[in-house]
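Take this structure first; my questions come after.
Note that the chains take the letters A, B and C in the order they are written out, and that residue 1 is the start of every chain.
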Amino acid sequence: MLIQSSSAQLALDVVGVFVFALSGGLVAVKKRLDLFGVLVLACAAALGGGILRDVLLGDVPPVGISDWRLLTAAALGGLVTFAFHPAVERITRLVRILDAAGLGAFAVAGSLKAISVPGVPAVAAVIVGVVTAVGGGVVRDVLAGTVPEVLRRELYAVPATLGSVLVVAADRLGGLGGLVPWGAALLVFSVRLVAVHLDLNAPTQLRSGPHRQGTHGHRAL
Amino acid sequence: MLIQSSSAQLALDVVGVFVFALSGGLVAVKKRLDLFGVLVLACAAALGGGILRDVLLGDVPPVGISDWRLLTAAALGGLVTFAFHPAVERITRLVRILDAAGLGAFAVAGSLKAISVPGVPAVAAVIVGVVTAVGGGVVRDVLAGTVPEVLRRELYAVPATLGSVLVVAADRLGGLGGLVPWGAALLVFSVRLVAVHLDLNAPTQLRSGPHRQGTHGHRAL
Amino acid sequence: MLIQSSSAQLALDVVGVFVFALSGGLVAVKKRLDLFGVLVLACAAALGGGILRDVLLGDVPPVGISDWRLLTAAALGGLVTFAFHPAVERITRLVRILDAAGLGAFAVAGSLKAISVPGVPAVAAVIVGVVTAVGGGVVRDVLAGTVPEVLRRELYAVPATLGSVLVVAADRLGGLGGLVPWGAALLVFSVRLVAVHLDLNAPTQLRSGPHRQGTHGHRAL
């Protein structure tokens, strides 16, 4: 699901898929889904963004269902969560850091793939990058029966948007050299980590009344 | 997202997208989503139907992510709702009238686009028209965590179906002149307004018991 | 939506679509949706898996919106449920048996179609088969506002996976004769019936606390 050239990049892909699978598996375990449910939510979280990207770009069958390495990484993430979920919950902090790395890798990979398809406008390439990065989490939460976390509380999509804009702008300006993707992924990673550390969220419209926390009380992750 | 020829038609498109974005933004504000959540729900409501249509017809990337005018109208609708939502709620009646106009424009535009693709049967063209008109609202409500409003209470899909059938039938009978699309859009608009005015709904199967209102109590819009 | 050659196979298709439509209609009636909601959930349950399959394989417009026979069978299933749902509920046992047959037919049909498309890897063909078989139920439950039943309680996806693996393995090994698809469908059917009879489920991760039944209490079907 991504930067498509070296084995370092494949490693990044596989790590990103694995980490996103952990997040899906954790949501599934909290919902007390059975083993198959855990595996499906893990795969949905890990591969959903890339599948949406490929459907939007017309590149079918999507790599998320046809590359056995990504599928294996996703299934492994689900199995690990199912078997060891108390341990996985204890390393939530590490999971969040790895998740931020996955976010950067997927935003960059999605926008890179979009600009490689002829006839895709810049704005569409940015959106495809963001969908690649956050789409898996949205599918995960919809299947789990909660309002997608990315829409509710976390400053999650903003860094992904920054990274995608950077990649697409560099491409349009002719400056998409070998380092720009890595710089963009690092930017996403850093901004996301700062947001987690400072507990930053996008602004919410204040309203009177006691229901400040929202009507759907579950925190998905 | 639509009647594809003159600037009047582009204006209609943009107005339809903007109005549907208001409806998405209102749902998001009621769910106390953050700014990004409001923008995403606004875009999902405004562009979701057209994106589903284009994916079903194989016309990718969908115009809903590649035409900056539609994206701008959708984002603007979301921002307006976020900033001024008490005012937007006060003009609910006007929003409903504009929404009925959007419904007509999208049903007609969807079925027109479907019949322009070679090899699409008549029945598929009708369904694509209905999906274009109501799909955005379905995506909006699924993301917001409620059962789609269109499935629950409002006589909403029926006028869209009437309009799509009229367009496709006229095409198959060789009578799809310049006025038919406008007549079909007007028909959808009128039937929908009458339904709103008389508070008409599609029939519901009565059951004994006190739960007549359904288990999901929220009224989304 | 399926084995694509004889009239016996068309009959199997139509029966499968009809039975899945009954399941969708029953969920809709229990949610007290209006007539249109019942029809939409019936069609989503009956045709959703095939539509997802065709979108993933790039075969658009999907047969689920373009073959009037399948559409008619789906709509008829919805109407029958709406009109006679107490009777349909009384024959739950028969519906479950027919549903198991539909599961087998759809898993086999999905994987057969996937292996007929050039360039689809074996693992993707298996996944497409499973998605064809269980996707409609997932769409049904997401629209109905519940966590998909297949993820929660029933040993439902496992037989579909077995059947898809058998078809794809036979194809790769050069042994996909005329009887293999029927044998695979029969295998799915039998395993599913045994699971229903013995009330088997996939393993669930036990956790302490009183909430053993899960947080979403509704049983969708």
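Couple of notes before you dig in:
We adopt the following convention: a residue touches a chain if its C-beta (ideal position, glycine included) is under 8 Å from a C-beta of that chain, and two chains touch if they have at least 3 such contacts.
Just so it is clear, the structure is predicted and the values come from calculations on it, not from any experiment.
Chain contacts in this assembly form a complete graph, since each chain touches every other chain.
Under half of the residue numbers found at the chain A and chain C interface occur in both copies, marking it as a different-residue contact. Superposition angle, chain A onto chain B, using Cα atoms only: 120 degrees, a multiple of 5 between 0 and 180.
Each chain gets one centre point, the mean of its Cα atoms, and the points for chain A and chain C are 29 Å apart. Residue numbers of chain C whose C-beta contacts span two or more other chains: 55, 58, 142, 145. Taken in their complex, chain C has these residues touching chain B: 28-29, 31-38, 40-41, 51, 55, 58, 60-62, 65-68, 71, 82, 85, 142-145, 218. Chain B makes touch with chain C in their complex at residues 55-58, 114, 117, 119-121, 123-124, 127-128, 138, 142, 145-148, 150-153, 157-158, 201-205, 207, 211-216.
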